[in-house]
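Presented sequentially are two complexes of chain A, the first with chain B as partner and the second with chain C.
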Partner chain A sequence: MMVLQSFIDGLLIGGVYATISVGLSLAFGVMRIINWAQGELLMISMYIAYAIFMALGVDPYLVMVLTAVIMFGVGYLLQNSIISNLLARETAREPISVLLFTSGLGMFLSNGVLAVIGANPLSVITQYSGKMIVIGNLYFSLPRVISFFIAVVVTILLYFFIQRSEMGRAIRATSQNRQVATLMGINQKKIYNIAFAISIALVGMSGGLLLPYYTVSYSIGTTFSFKAFVVVVLGGKGSILGALIGGLIVGVIERVGALFFSETVAQMFVFLIFIIVLLFKPNGLLGEKDLQ
Partner chain B sequence: MKKLNLKSGFLIVISVIGLCLPLFVSNPYTLQYFISMLLFGYLATSWNIIGGYAGQMANGNGVYFGIGAYVSTCLFTYNNLSPWAGMLIGGAISALVALGLGRLTFRLSGTYFTMATVACLHLIRLLVMSNQYLFGYEIRGAQGIVLPWKGESIINMQFTGKVEYYYIILAFFVIGVLVSYHIKTSKDGYYLSAINTNQEAASSLGVNVMHMKLKASCISAFMMAIGGTFYAQLYSMIDPSRVLGYDLSIQIMLYAAVGGRGTLAGPIIAAFLLSPLNDILRGTLGTTVSGLALVIYGLVMMLMVYFIPQGLWPFLRDKLSRAELKAQTAERK
Partner chain C sequence: MLKIDNIVVNYGNFEALHGISLEIGDGEIVALLGGNGAGKTTTINSVSGMTHVVSGDIIYNGQSIKDMPSFDRVKQGIIQVPEGRKLFPSMTVYENLLVGSYLPETRKHREENLEMCYEIFPKLKERRNQLAGSLSGGEQQMCAISRALMSCPKLLMLDEPSLGLAPVVVDMIFDTIVRINKLGVTILLVEQNVLATLDIANRGYVIEVGNNVMNGSAEELLNNDDMRKAYLGI
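On to the complex of A and B.
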């Protein structure tokens, strides 16, 4: 029973890992860049969600929508005004300047929060906090269940958006071969802007999803970055469903591992998966082979 | 010929200043600034071997610094082993970890290597933070270890003043720069630079890409670990958030990137210019506004990457040689 409880708890948190990682994976697949400030942007999203919640006092899931919209704008601006210029200068296949820039951004954000807001962790009490869903002997915290469903539904919606819509096809085409896609009349810059903005919007959404049950402090960025890397490698770069499955797997391993051993040992298992995947299946569970 | 004289003259002046500095600077706090300049110059030089010459962005390379600090400290505290021997063991362990990570990730695109180094850093920090004992050594988790005082001696690498530490790190720094210079100008250096420019082309011309990258990564890790031992002996205390922090890794990478990756002098210049900022801000503002120096570093990094992507030193060198050219043409007229 304990195992089942931990398993489901793992799935619940894994859903949120998935939305954080899907954005990272999308940008990695389309633009071949990793946003090294992903975890720090999540931290900022949580602070924004916190501020909105404190100021307006509205439902936390409405706050989530607002945060996602704000972060969409942040992502669009960041890509349109800065990262696109960095990419335009790069001739190498893997743009190092973007890595350096986003690393600097991450350091700036986490320490900026430390300097301005301080090291005290913040959390909110919402109308969902502390509520439980009881099924037989199993107890589930309500905000976690709601967050999980929103995360999974949004990820699946995004999958269909990428697979079926015109914009999604253009994004996929650009990720497969940007020269040919450009020849077919796809505006590469616009695609990059949209893809990156979606990636950051998902982070914003995850910030909103975590707020009702997760304590935010300036230093949570690296923890989430670490998990997101593992999920992206596990799922395969650019694969949305891969990131979803990867997120769930990481969540489950963390919870079940913590039940039998300890939190640290569970993290070691997560790292172990990272190593095993790199060894035996470097393209990930659902990733496509790198064509270029 | 004239230029060569200028260069060697400059080097001689710098060396004399470096050697005689403690004669003029008696204040230990001021000397501390110079020690940390040299330490970060040394670390940035170490990082530059893998991140600059080989072009493999090791974002989490501070992990080797932490491993070095912990290994030598445990051996010193509990086994009475001199840090001079401990640093070699820490270096060897770090090089082994680098070898393992490299073997796994170097055949994939560089992003995977970067992710693996960061993931490794995170894992080891977690491991140290949440365990009171590790491999039978009492590491005291997040609290960290305070090194016991075993008497002032070179063998213990413990001194009451700062002057001795200054000379030790000066020696490490000089050795590090010589190693870096040797690698850059040797056959290996050209191989690495070929890999950095175009890996496929280098491979097709017979460069053993995997071997070269592993070599660079191991040397860099070994040097980094020795820096960690020095840090532990200097401050007599280590804890995971300091020696295994992500910010430290980024800070070291930042000096190399801002100064000019792949150049010999760039990382050193940037470390000398930027690292005192941390100490000075801490000295003037105290701990009330922590993290401020790192905020500035982050900002400097973003601005530099955006406006002077090649780095400070190549930029200045370019400007200088252009000015020289202009002067020459003006002379001819």
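On to the complex of A and C.
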């Protein structure tokens, strides 16, 4: 029973890992950039969600929507004004300057928060905090259950958006061959702006999902960035459904591992999986080289 | 319709075109001939806006398009079928054609264009749900040409469409090019297959290492001695 409880707990937290990672995978699949600041942007999102919640006192899931919208704008501006200019100077397919920029941005954000807000962790009590769903002997925290369902539904919606919509097809075309996509009249910069904005909006949404049950501090970014990389490699770089499955797997390994060993050892398991996948299945579980 | 006026094009410090000029009238089929590395692809990529044009000008319907972003040139009907087909390999044939009509202006004509493509190339209709990466060379070329037709071309530039194809398939592709031309589409045909190309072209230009070396009607080029020695081995 304990194992089942931990397994489901793992799935629940894995949903949020998935949405953070889907964003990372999308940006990589389309733009071939690795956003090292994904975790720090999540941390910022949680502070923004916290501030909105404190200021407006509205339902945390409305806060989540607002945070996602704000972060969409942040992602759009970052790509439109900075990343696109770095990319324009680089001819390499997997540009190094953007890598340096995002890792610098990550450090800037965590140190900035430390300097301005301080090191004290923050958490909020919402109307959902502490509520439980009880099924037999199993107990599930309500905000985690909600966050799981929102995360899974949004990931699947994004998958269909990428597969079926006009914009989604243009995003995939750009991912497969950006020069030829341009020859079809597709404005590459606009596609990059939108893809990166969606990527960061997912981070904003994840921050909103975590707010009711997760304590935020300036230093949580690195942990989440690392987990997101593991998930993306596990699921297949550029694969949206892969990131969903990868996120759930990492969540389960953590929770079930923590049951038998400790949280720390469970993290080592996650790293072990990362190495094994890199060595034996470098394209990941659902991986292909193009965004899908 | 199109006038390329003495363009110089660089890749970094390397000057690939040293001043290429070329003119195409409405409704013509014009050939652009030359060996490997002559600068044919660079020339049409310059028309598509994919290169850095250092000097000279490109005039399309009386307007300079030299500084126009490449995706806007597509809106003007300047469409390219790139060398080596370059389909989107992880998409189906049908999806490749849909991407061809991505722009809202062309999306309006999607259904009729799709029908036209399937009528010209019935094979594509059979294969429409297959991944483009799994097609044979000839089928890929049909798909690449159809993808271009989905973009409502006014000027269609084809970069070595016969490359790597069996002679029967080449004949079929060239017949199709004539058919597309008869629909009112102006054609710039980049080729190394000189005989087949001059057979369907009105006029031709020959370039070598980034310079114009010859131009004239198809007949003049076919009867030119230098041309026969250099490209036809006669």
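Following the convention adopted for this analysis, the second predicted complex is superposed on the first by the 288 of 292 C-alpha atoms of A that agree within 3 Å, B and C clash if a C-alpha of one lies under 4 Å from a C-alpha of the other, contacts with A are read in each partner's own complex, and residues count from 1 in each chain.
To be clear about the criterion, a contact is a pair of C-beta atoms (placed from the backbone, for glycine too) under 8 Å apart; a residue touches a chain by one contact, two chains touch by 3 or more.
Everything quoted here is computed from the prediction, not taken from an experiment.
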(Q) According to the stated criteria, A:Ile70 is in contact with first (chain B), second (chain C), both, or neither; which is it? (A) neither
Q. Which holds for A:Val233: it touches chain B only (first), chain C only (second), both, or neither?
A. first
(Q) In the superposed model, which partner reaches more residues of chain A, chain B or chain C? (A) B
Q: Would you sort A:Met184 into first (chain B), second (chain C), both or neither based on which partner it touches?
A: second
Q: Once the structures are superposed on A, label A:Arg169 by its partner contacts, choosing first (chain B), second (chain C), both or neither.
A: second
Q: Go through the superposed model and pick first if A:Thr264 touches only chain B, second if only chain C, both, or neither.
A: first
Q) Residue overlap on chain A between the chain B contact set and the chain C contact set? A) 290
**Q.** Sites on chain A touched by chain C in the complex
**A.** 166, 169-170, 172-173, 176-177, 179-188, 288, 290, 292
**Q.** Complex interface listing, chain A residues touching chain B
**A.** 28, 32, 34, 36, 82, 85-86, 89, 93-94, 96-97, 99-101, 103-112, 114-115, 119, 218, 222-223, 225-226, 229-230, 232-233, 262-264, 267-268, 271, 274-275, 278-279, 282, 290
**Q.** chain C residues touching chain A - in the complex, by the definition given at the top
**A.** 48, 50, 69-71, 74-75, 79-80, 82, 86, 88-91, 95, 98-100, 102-103, 106-107, 147, 151
**Q.** Contact set on chain B toward chain A in their complex
**A.** 55, 57, 59, 104-105, 107-112, 114-116, 118-120, 122-123, 126-127, 130-131, 246-247, 250-251, 253-254, 257, 289-292, 294-295, 297-302, 305-306, 309
